[in-house]
Amino acid sequence: MLLGRVAGTLVASRKEESLEGLKFLVVRQLGTDGKETGGFVIANDAVGAGVGEVVLYASGSSARQTEVTRDRPCDAVVMAIVDTWEVEGEEVYRKE
Amino acid sequence: MLLGRVAGTLVASRKEESLEGLKFLVVRQLGTDGKETGGFVIANDAVGAGVGEVVLYASGSSARQTEVTRDRPCDAVVMAIVDTWEVEGEEVYRKE
Amino acid sequence: MLLGRVAGTLVASRKEESLEGLKFLVVRQLGTDGKETGGFVIANDAVGAGVGEVVLYASGSSARQTEVTRDRPCDAVVMAIVDTWEVEGEEVYRKE
Amino acid sequence: MLLGRVAGTLVASRKEESLEGLKFLVVRQLGTDGKETGGFVIANDAVGAGVGEVVLYASGSSARQTEVTRDRPCDAVVMAIVDTWEVEGEEVYRKE
Amino acid sequence: MLLGRVAGTLVASRKEESLEGLKFLVVRQLGTDGKETGGFVIANDAVGAGVGEVVLYASGSSARQTEVTRDRPCDAVVMAIVDTWEVEGEEVYRKE
């Protein structure tokens, strides 16, 4: 999984039928220091993540292993909202 | 998923039989700012996207989760046409 | 899928048994301008592509969705020979 | 698989239900020389790896082939703790 | 598939149970010119490859399509030992 921050949302009314009702999030990738790396992905949302939240996202076939994405043409999914992480014994991030 | 713009089309008459009838699109990758990143992919089309349209495409096994690509040797599919997206509260793109 | 040119062939007599009889091609990756990008892959051949031909190849699990590669340890397959493609309304390549 | 060192841990209380009980590790990627490459991944733990340990991790659908990750939205798993490796006849690393 | 040279071996006694008995190889990636590219992977061995041998390896789910790796958390496998390859009509490598 990779770390990300939900930076925005995307709307697509014409799409593969099985995607009806799924939310698309613009997710900017974060490094272990909590800073943006420059990468991004458009991910479906499995956990009700809002703009600004720090999340984990899974890619590839693993992105289809949630209730909302199963058997759908989805290759990236937000599957967790991050509370906190630490590196080398130091807390890097804690959700407010 | 990644953002792209359909830049052209490709024709291949000699191909794996299961691909008969599928359309191949030349898709240039876009960043969250709507500008081209320099990357591209040749993707099958699941939504009737035309040249010039801004789209989402899925890669890998997820590209086979549409009605037209199932069980076919396809690793990239256009599965949505983008209406609009916003980042940090600003609208970046809106389909005309 | 990505664009490539068949640049050569590879022979491996000692291999996983299920690969017996499959042809291995050295495929150089091409950009949308038809020029080599510097990347390459060793791909199995599902369409009888010869050295010098411009092709499409699929990667990952999608590379196993052809008759010759199914259930085999193959992560790249040439699944089409390209006739022509165009970008921004200009023909970039046409097979002679 | 790739080499990594467990650099920390991550907590996410709101997540896809099937991930309940899984541990998330911050894993820094190592080169064959045992030095960090700058890359990282957030991986689930299938072997009880602790912070500081040198490990192997698998990515993609293969990350779901452990008892704890099967059918879950997990795209990276620590599936082994490394004892030692050698390159060109020289031992590079040995677990203390 | 990609070209590699077996540069060493790795031992991991604590690992996912299904990996018991599998050999781990340190594989340095080669270019089509037979020179190292700087990349590497830790791959399981499906063909009895020894240190120094030039091999092909498959990645992702395709790495699980050999008898020894099936259903295991393995994302890279050496599935062939290379005899020879040629590029643009010139032989680049031949096994001695």
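Order as written gives the chain letters A, B, C, D and E; numbering starts at 1 within each chain.
Just so we're on the same page, a contact is a pair of C-beta atoms (placed from the backbone, for glycine too) under 8 Å apart; a residue touches a chain by one contact, two chains touch by 3 or more.
Computed from a predicted model, the values in this text were never measured in an experiment.
Chains that touch both chain C and chain D are the following: E.
Centroids built from CA atoms put chain E at 33 Å from chain B.
Here the CA centre of chain A is 20 Å from the CA centre of chain B.
The set of chain C residues touching two or more other chains comprises 60-61, 63-64. Chain contacts in this assembly form a single closed ring in which each chain touches exactly two others.
The sequence of chains round the contact ring, opened at chain A and continued through chain B, runs A, B, C, E, D. Those residues of chain E whose C-beta lies close enough to touch chain D in the complex are 7-19, 24, 26, 28, 40-43, 51, 60-61, 63-64, 71-76. Listing the residues of chain C that touch chain B in their complex gives 1-3, 31-32, 46-48, 56, 58-67, 69, 77, 79-89, 92.
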